[in-house]
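Please find the structures below.
Each of the two complexes below includes chain A, the first together with chain B, the second together with chain C.
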Partner chain A sequence: MDQVDFNAPHSMGTTIIGVTYNGGVVLGADSRTSTGVYVANRASDKITKLTDNVYVCRSGSAADSQVVSDYVRYFLHQHTIQLGQPATVKVAANLVRLLAYNNKNNLQTGLIVGGWDKYEGGQIYGVPLGGTIVQQPFAIGGSGSSYLYGFFDQAWKEGMTQDEAEELVKKAVSLAIARDGASGGVVRTVIINSEGVTRNFYPGDQLPIWHDELESHNSLLDILGAPEPMNI
Partner chain B sequence: MDSVADSQRTLYPYVTGSSVVAIKYKDGILMAADMGGSYGSTLRYKSVERLKPIGKHSLLGASGEISDFQEIMRYLDELILVDNMWDDGNSLGPKEVHNYLTRVMYNRRNKFNPLWNSLVLGGVKKGEKYLGTVNMIGINYEDNHVATGLGNHLARPILRDEWNENLTFEEGVKLLEKCMRVLLYRDRSAVNKIQISKITEEGATVYPPFSLRTYWEFSAFQNPTAGAEGSW
Partner chain C sequence: MTKSLDVPPKGGFSFDLCRRNDMLEKKGLKAPTYLKTGTTIVGLVFKDGIILGADTRATEGPIVADKNCEKIHYMAPNIYCCGAGTAADTEAVTDMVSSQLQLHRYHTGRESRVVTALTLLKRHLFNYQGHVSAALVLGGVDITGPHLHTIYPHGSTDTLPFATMGSGSLAAMSVFESKYQENLTREQGVKLVVEAICAGIFNDLGSGSNVDVCVITKGNKEYLRNHLTPNPRTFVNPKGFTFSKKTEVLSTKIIPLKEKVEVIEGDAMEE
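Entry: the complex of A and B
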């Protein structure tokens, strides 16, 4: 019971989210990568660039999701050169699907592809285990998403503004972090629209306090009012 | 192993508490644990008290299966009750309580029906400080600082470096908080609600729960994959 398996494969327990709004998409994720019970990286970046206008949220096996995104980035780069203009989100998502589907027995990664192109605007595609592709107005994934189905059923609305969408994503990832041991760290968001890409970073103290959580302090001593040891 | 006994054996834990860390200091023992009760990877309960005073002279901290810890509390309540009923002016000290727990844990282990816990038992009697630990397979020992679970890997190296036998209360609390903060960063099942308790010749005090501030402002955390797209 006290064993820590430092040789366990790196898994991004994870909470990942992609949401469309009236001008583009907002992608969000936590930042915890764990090997068994140990948090190998507490500030990972799970939202990965495929092209200037398409990003992917990665969950599941860190290795598998990295190698899939590396291949897709490579193919999309060539495709962009051949096409002479930015790739569409649908093409990027389909490339992800092809890899996930044709290697289904050897991969353990769930992905959310999100981006903006001039034909269809903001789009989100979910590619879960097995390689299904499904276009959705919003998508959630990773172990932390189990805690968010009810939340999104209630809180999701069509036609949100950029700020509303980002608030929703921030709130949702923060709620999942509160209950999923495999998710944690900071909330990262990426906003993609016709103007470009904006990355944001929200550490714990900038997130709301949920049920049974407390305001944080530097030390118990500050609360007790005990005198600090004197220093000369 | 007959089938009636089988149906009651603990095969695996369900609701578990994570690390306990404890140190000897100038006036007695300081102990810390978070208030989480995890249900697998879900952080299900966030107000579980895992530090309990035992009699007049001891403190018990438990990690592992919470139901087994509650059963141990029942055993200890009976032990203390019978001790009081003797009404002979003597009372069980921490060394005796630790020995009792060790026998219970080891004998259960021999019957393949362990109490799935790692326990920390600390106390002061007649000026003599005592700090010991015992786990589900009966391994037991005493030391100037002890920890359970991931605390052994993350907290004890810090304590080996920074512990000394003349720590004041304030220094001890700060040291324990340093350990608990590292556990918050690096243990998946850690919850940011901590209880610190102390025991001295005067008696036991369990302080009110509090949350620790965490630090995320390293510049390396802002954009870790800039220049290495697809890594973590």
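Entry: the complex of A and C
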């Protein structure tokens, strides 16, 4: 049996998703942070605010992604003050990319930047491991994303409504959680559009049941029933 | 015959003992391992604030080096931090950030906030890329409310309503996961923390001895050192200790120090 190594880097196995729809973007993530095989935090929030209108989904090393998003939040704050108006999603994504690319030898984090601005509307930018920046209509990342490439090829379509997009993200994260050991916990979504930001939270019992999954219970006693009393 | 010049000793480090250590290691002597606090440390948020708990065993490999060490470190009057990992690292990093917080308090004139301590700690630990082996549970109550955070050696942090760290964290977490609820009273909270630490003490070899508890509420803190001592020494010599050679006191002279600062009521400065 593996000994739990508390000095193992804290990594977020993760499933992260960002999807554009006709009016904004929907970001989604699971909530598991693992240290080796131990789940260090089963309810973490991997969708971090950079500015009022731009959020980032973090995956990979927990420390590296937290530090990068802290620096970008600080730079964007300064930039907003100097510019005099909200920063665009493109600027935010490029700041993330510059940090990720110029420190590529020392960082191990994949990020998805998503937001809404008045010039280009809803945009999603993927910034994977080497520090590339790619604007995409939807982006997936993290260890759980391997199980979602086929799903998105089939289920993605242009011009979805807000509800369709959120359903898609919720379904995708829950599928990845079912198959990826390093993803789990709850599904968190963040919807960003011209009106503002909405955060949603879906615990395990509100997610659909997939092939061979059992229904969730609050206690094993529900399934097993009361144990028989011992006789001496 | 050439005489070697006597070179006067220069300043700086002397590496003379390194050769001796190398020679000893080659002869088979094992270098002593660094002191680790095997540890069970926990924290939880209750109705009025934060409760932190820790065991008191410090280990050096398989040996218990300190049976009653203090793992709950002072950071600020309203913030305390439990430390697991290498004892020197947790002591040093909490002392350092505690000083920085004090300077910051003088600078701003305000009570320290938990997020300040959190950011100072995580920046330091990230800069050392995990080589400063300190895993911390930071808790406190400030003007924005009660906060509880865990900080890992690589610099990542989590914000949680209840947290455990150290080798006994799995045992303690099992207690919290079964019994934690929101809005516990002080008695219930302390009882749960004690139960979690005891789970670590009795089921983890790296944790043991006594339970330390620290309760922090708005405007008040209680550091309950050795709140529970479930591991007393079984066989104690009834004679006790006598130290034979007593130091003889020949004479006593007490000199009061001068008063430090005299505050004089003065006139306000005028332009």
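We take it that the second predicted complex is superposed on the first by the 214 of 232 C-alpha atoms of A that agree within 3 Å, B and C clash if a C-alpha of one lies under 4 Å from a C-alpha of the other, contacts with A are read in each partner's own complex, and residues count from 1 in each chain.
Here is the rule we go by: a contact is a pair of C-beta atoms (placed from the backbone, for glycine too) under 8 Å apart; a residue touches a chain by one contact, two chains touch by 3 or more.
Please read these numbers as outputs of a predicted model, since none were measured by experiment.
Participant: Figure out whether A:A43 sits in contact with chain B (first) or chain C (second), or with both, or with neither.
Facilitator: After superposing on A, A:A43 lies in contact with both chain B and chain C.
Participant: Should A:T33 be classified as contacting the first partner (chain B), the second (chain C), both, or neither?
Facilitator: both
Participant: Scan A:A63 for contacts with chain B and chain C and give back first, second, both or neither.
Facilitator: second
Participant: Examine A:L129 and indicate which partner it touches, taking first as chain B and second as chain C; both and neither are also allowed.
Facilitator: neither
Participant: Quick check on the superposed pair: does A:L98 touch chain B, chain C, both, or neither? Answer first, second, both or neither.
Facilitator: A:L98 contacts neither chain B nor chain C.
Participant: Looking at A:V197, would you say it contacts chain B, chain C, both, or neither? Reply first, second, both or neither.
Facilitator: A:V197: touches no partner chain.
Participant: Of all the chain A residues, which ones make contact with chain B and with chain C?
Facilitator: Correct list for chain A: 4, 33, 38, 41, 43-44, 62, 66.
Participant: In their complex, what parts of chain A are in touch with chain C?
Facilitator: Within the complex, chain A touches chain C at residues 4, 6-7, 9-10, 33, 35, 38, 40-41, 43-44, 61-63, 66-67, 106.
Participant: Can you list the residues on chain C that touch chain A in the complex?
Facilitator: Those residues of chain C that touch chain A are 84-85, 122, 125-126, 129-130, 133, 135, 150, 152-158, 160, 165-167, 169-170.
Participant: Can you check the complex and tell me which residues of chain A touch chain B?
Facilitator: It comes out as residues 1-2, 4, 13, 31-34, 37-39, 41-46, 48-49, 62, 66, 69-70, 73, 143, 147, 178-182, 184-186, 199, 201, 203-205, 212-221, 223-224, 226-229.
Participant: Over in the complex, which chain B residues touch chain A? Could you list them?
Facilitator: 13, 38, 41-44, 46-47, 64, 116, 118, 135-136, 148-150, 152-153, 168-171, 173-174, 177, 185-189, 192-194, 196, 207-214, 216-218, 220-225, 229-232
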